[in-house]
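What follows is a pair of complexes built around chain A, which joins chain B in one and chain C in the other.
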Partner chain A sequence: MSVVELVKKVLFMEVLQGLALTFRHMVSPSVTRQYPLEKREPFPGSRGLHALVRDAETGKERCVGCGLCAAMCPSQCIHIYTSEGDDHKKIVDRYEIEVLRCVYCALCVEACPYAALTLTDHFEYCGYTRDEFYYTKERLLENWDKYMAGEKGMNYIKNFWRPRSSDFAAPSPERKGP
Partner chain B sequence: MITLTINDKEVSLDRPMSVLEAARQAGIKIPTLCYHEALKPYGGCRLCVVEVERMPKLQTACTLTAADGMVVRTESEMIAKVRRGILEFLLINHPLDCPYCDKAGECELQDLVNKYGATAGRYREEKRKVPESHKDHILTRNMERCIVCTRCVRMCNDVQGASAIAMMGRGGHTRMEPFSSASFNCEYCGNCLSVCPVGAILSRLYIHSFRPWQVDTEVETVCSYCGVGCSMVVQVRDDLIKRVVPRMGLGLNRGLLCSRGRFGYEYIHSQDRLKTPLVRRNGKLEQATWSEALRHVAERLTGIKKADGGSAIAGIASARCTNEENYVFQKFMRMACGSNNIDSLSRAGFAAAQKYLEELLGQGITANMIEGLKNSEVILVAGGDPGTVNPVLGLAIREAFRRGAKVAVVGHARGLERFTSIRLTPPLFREEEFLEELLAGVSRVRGLRGEKLDVDRGIRAISDAYPGISGLEGFDELKHALLDSPSTSIVLGSGLVQHSRGHRAIFAVAGLTYLLEARLYLLAERPNEQGLIDMGCVPEMLPGGRPLNNHDYTRKFEEAWGGPIPEEDGMTLMEIMEGAKEGRVRALYIMGDNPLVNLPGGPLIEEALKALDFLVVQDMFLTETGRMADVVLPAVGWSEKSGTYTNIERRIQLLRKAVGNSSGMEDWKIINDVSGMMGYPMAYEDAESIMDEIARVSPLYRDLTYREIGKGNSLWPYHGEPLRGEIHELPAAVNGTGSYTANFYLAPEKVLFHSGTTSRHSQALMRICPEPVLRIGPAAADTLGVREGDRVKVSTSSGSGEFPLSIDRTISDNRVLLSNNFEGSGVLRLMSYRLDPVTRAPGIEGCEATITRL
Partner chain C sequence: MPCTQRKLTTGILMNEMKHSPNNNGSRLATKEFTLNMGPQHPATHGVLRLVLDLDGETIVKCTPYVGYLHRGVEKLSENRNYLQILPLTDRLDYISSMSNNIGYCVAVEKLFGIELPERTEYIRTIVSELSRIANHLLWLATHALDIGAMTVFLYCFREREKILDLFERLCGARLTVSYPRIGGLKNDADARWLEDVLAFTDEFPGRVGQYETLINKNRIWLRRTKGVGVISAEDAINWGLSGPTLRGSGVPYDVRTVTQYGMYHKVKWKICTGKNGDIYDRYRVRMDEFHQSNSIIRQCIEQISEGPIMADAPKFTLPPKDRVLSDMEHLIHHFVLITKGPQTAPEGELYVPTEVPKGELGFFFVSDGTGKPYRMRIRSPSFVHVAALPRLCEGELLADIIANIGSIDIVLGECDR
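The block that comes next holds the complex of A and B.
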């Protein structure tokens, strides 16, 4: 043991260093948010509850039921059933997401060729039963109205979830289904 | 031996082929769009271009024949550039509606663009706009998506032979169109659908209802509609059959299907299926539980057996059921009920002919590969239309015709109308005389073979009785063609068998087969007509075709089955019906058939069924016969059970379960349970355990396992011991004929789109062909003063019915054809019958009819 070490030991230098840190933090401002009382604005593009985009013109879902989101989904929580409608158009009978199984990877949104599906910035949802987290087409559309309606949603899509297909030839509009 | 180098890999070929085929054989993939293995090379899409050393330009691999020493490169910078360019051209007009199009996921164009690029188009003008056509009941045409590869047209013309569609228009406006421009109005084989590389032709049965990758299970199985036994793949999502698709190169049909097979699967999910057993209480059929119903059946059958002996019970097996089910059924009848009265509706056609032919020429005479038809030089078709009864067998005949074979048709065969070299129209209902005349003519030149003395004797008697020459047009041509032909096939349909002198026609056909060493094919309307006989569902034979009156054979079965087999002779089908009417048969057990519609002599059958003390019907639907039953038991259908079918070439094929059960039970299981309650337990676990027993007891199926059958090559005679013709019954020397001078004679016509109970519950087939149609010749139409589409009333001695009328140019005599296979308005009900003394088949010739316009 050298002389320096001996002096440090006698004077409790390590203990003092530790105490200095403690006292420094006692006077610095706090970073903890008192969450339920004190809420934070989500960052743009954050991934929260799912929503089906409601088309402003038709008032219906944009989704044509191509099933690419369900095909991409790693947790396989999207179920889509389509059928032939009255005028031979494809209609989406059921579009369902088991939200509790979702891992929020947003691959579904990336896969969507028509920007018909988004993750909203709404992240606070809770319920007493599992059924409450089984989102049907109607509930998913409601989510859009609730959290993404108007300019906000469109900007959201434009800035973060722009479909890759729009980089290439645009699909002809009347073939897009309902 | 040709050796060439493809991508630095040496490839040796055993026969001449194109560079494309050589590459595929070596496992090198060359992209294609217009090429299809079932079609001739076309060289239209230019995607298969390859570089060949010492050839200045790129060559299309599909049309370039591989030569010795060729050095081929299939992928290079230049090739990729060309392919990218071609795809960019295709995308000028092809809409990018992949998310919407049902083909996406199995679209060849999509896959190629994904691989070779053209990520953005440089063409800025508008795309071609053609509205989607929904005018057809079955197929949707979207000509925006068409890339003009012409696969559909080539399939329709060169393979199917229907020639219903063509490419219309020029340049960028080229499109495929059916000739009637609205609906296809064709044979609806759907083979155009299966070759279309893009989503230009789609089936309306499942349009927009799923995407190819959403299929949960794919099951390779066998079609349940006719005796050909085409292999097919059933695709299932959520326990519902989504579609039936062929797989190229799979099975004896090599990826071709007919309308029934491809579009007739909907009956499985029909709402009309029986859901619970029904038991008659106070004169009404009421729902009952399974245990109630089965106990009731067992008690009543036991009671009748005790009171009147086993011979008061009879059973009708079904060619719609599997081998296993028919085996269990005949074992139940023989051992639990103690009766040999077991037959099937096949007696009115296939079984009658098959049994008589085997008696004459030995077991396995009809075990010929359908592929063999394609290699025949002369094909004689008599008594039926292969194009409608067994459509895929009909395709083999069409192919032979295109290759240059002579196809001779006796009588009327609409499916071969444009594929007939020699058309023979012997006088109505006297076809057997014509065939005997032909046999006499052939035997005069060829002489007798001296191999089967009894058959020789019969042929000699015929050639003594006939001059062997006939004034009939085409007779001499056919005779000489047959005598000169190195390979001959004869196709016999049930039309000649359902004749009170049918055995004479069968003998004549057998004689021709024997003298010319021809291949013989028997048309079979139902999937398992052959298996039915092989399983012993005939009164006089045990499984494996062993005769009942031979103790050497019966002893073995008695040991295996643990009891004595009844010795009393059984009754054949029509005898059972007559016995029921007279009270000799008190109980009838019908498995999967509808004799009230499918047998002639409607009033008699109805009387017979009414006279029964106890009638049990097992079926998927409540049929007319079921409505008269005391107990109706719901059975399961085709894709809901596993088992085996034996097709007309006697290939045993595996039927695999694809979807879960509805409320019904497998036929074998129902019988298994009833038998247990009657004191003869069978205790089978599944269909495979039954096949294990069959392989143990039947000398014909020795060591046969599902594993082996599953490979699809279980061909006659398996590993078994066939019998070589042991019994001979020569035709009675009846030379008499009837005289047919009435104005109209009614005859049944098989419809391509229907085959009875099941097809009637398939909506697609009902959309194509909703009701029976009466066909008459143009001359007859003139005398009656009727036009196409008029409704007429047809009356016979057995009843009458009203039908729409259609004029058929191919009918030249005074016969009128009425579609059969429709429940409720079956043609056979209107016909009386006379039994053939030898084959015991009901003869329905000479049914006089009067037609009045409504």
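The block that comes next holds the complex of A and C.
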């Protein structure tokens, strides 16, 4: 061990360097966010609580009850009950999501051919009973009004309801069919 | 650490010492003592249970018990089609779910024979290296905290937060990302996101320097890590170690150079290795990988060009949404893919390893041609590393077991699956 190393060792140089760094951080601006008091706006497309899209024209749900979201859901938390209407049209009687089982993968949004289901950016919800997290159709539509009304919902569908044709390369001319 | 039922009162010990046949006067007679560590122990990084036979403070025997976090991912995936399994892979190694997703997608794409567009490969490389940095940051933070350096923990989380924010902007989730898709990506990375990643890589090497200032030469850190938990290169290979744990012993093996995936062949990087195979070398390997990953990301952002992000494989990728309701073939594909899975999957078996931050993550598929895997086996690095834990800590001190668990970087979600 050279003299310099010995002096450094005796003087705790490496510890002092570390301390100098932490002291510098003491006077630098804080990066910690005081969460419940200071909230960061979630980024667009953040995957939180579900919402059923309310159609602006009819004022009803856009969902047609095809059941693809329920088929795609890896945790099988979507339940759809349909019946036949007067004009032989399918009516969605019940559309229910067990939110406690959901893993927020957003595969249901991708599976929906009608853009009738979205994940909102609302993520802070809690409750005392399991029933509070059993979302019925009406409650899911309310979520849309609460968290996705106006431009926001349309932007979500535009940007996160994928894939789009623009994501694919143009199909090669020799291939027939899709 | 709760003790198992052994009489430990001083009186009994004294009594045994007096009558012990081994007591020859020169050395105090000792008795082996069994200690149960975990499953609920903050330093085991999850729910790992170790039964330790101790002779004084020396570990005579270490027996890991795993399975407390078993969720049956392999069995669950037999009942789900290839598209639905993706969120399950998030929950293997939940620290770096992006790498797991990519590992799964690469394996399935090799099974189906899908060629990816260049932009997809670049973005995947960028996010998997970001995920590697995030994983090593969390590893360094918790490992340093276990050994007693709390400041490093706070600094590492500062940078990890930035990466998680970048992930949230990209795909909407911070931890369980589910970002890649079979044959492509969930959505494209925009130019502003790439700029912000570049800004992150600008400042990150300086931050690594800060961590190094704190612990690289710190005498407590050196005493806790140097010469502890040594495993030779030969032993490391024989025990099946992989990733930084293997490279710490000086074996230059990295699955990124073996399996063809991502854009690793287009960028310049080197495999970081250690020499002695002790905890310090494994730490150094991961610190060097920070710089390598950082440089890979920068090169990828320089080289990336505009282009499609989904592969041209209509039998395996969901059709474009704007054509689903206007084109009958697309509609049929959409319904069949979601309800039954890809119907033209080739039959056979395939094993594809990828390099996740913890080591070699392999997916083994037995496909019977239906939309679901007949069998999916996951070769997870953590499981193999836990098996090597007795080899690392037997004969060493009780306090070193914490450092050893930290140094092999295990996550029990992946170990127990």
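By our rule, the second predicted complex is superposed on the first by the 157 of 178 C-alpha atoms of A that agree within 3 Å, B and C clash if a C-alpha of one lies under 4 Å from a C-alpha of the other, contacts with A are read in each partner's own complex, and residues count from 1 in each chain.
Please note the rule applied: a residue touches a chain if its C-beta (ideal position, glycine included) is under 8 Å from a C-beta of that chain, and two chains touch if they have at least 3 such contacts.
In this text, all values refer to a predicted model and were calculated from it rather than measured experimentally.
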{"item": "Touched partner set for A:R162, first chain B, second chain C, both or neither", "value": "second"}
{"item": "If touched residues of chain A are counted for chain B and for chain C, the larger one", "value": "C"}
{"item": "Partner chain(s) touched by A:Y128 [first = chain B, second = chain C, both, neither]", "value": "neither"}
{"item": "First, second, both or neither for A:P113, with chain B first and chain C second", "value": "both"}
{"item": "Chain B versus chain C as contact partner of A:V64, first or second or both or neither", "value": "first"}
{"item": "Partner chain(s) touched by A:Y35 [first = chain B, second = chain C, both, neither]", "value": "neither"}
{"item": "Intersection of the chain A residues that touch chain B with those that touch chain C", "value": "68, 71, 113-114, 165, 167-169, 171-172, 177"}
{"item": "Residues of chain B touching chain A in the complex", "value": "91, 95-100, 104, 119-121, 127, 132, 134, 140, 204, 207-211, 213-214"}
{"item": "In the complex with chain A, residue positions of chain C that touch it", "value": "80, 83-88, 90, 117, 151, 155, 158, 161, 165, 168-169, 171-173, 176, 178, 181, 184, 186-188, 210, 213-219, 307-310, 312, 314, 317-325, 327, 329-331, 333-335, 338-339"}
{"item": "Contacting residues of chain A [partner chain B, same complex]", "value": "64-68, 70-71, 81-85, 88-91, 113-114, 165, 167-169, 171-172, 175-177"}
{"item": "Contacting residues of chain A [partner chain C, same complex]", "value": "9, 14-15, 17-18, 21-22, 25, 31, 42-43, 45-47, 68, 71-75, 103-107, 110-111, 113-115, 119, 159-165, 167-169, 171-172, 177-178"}
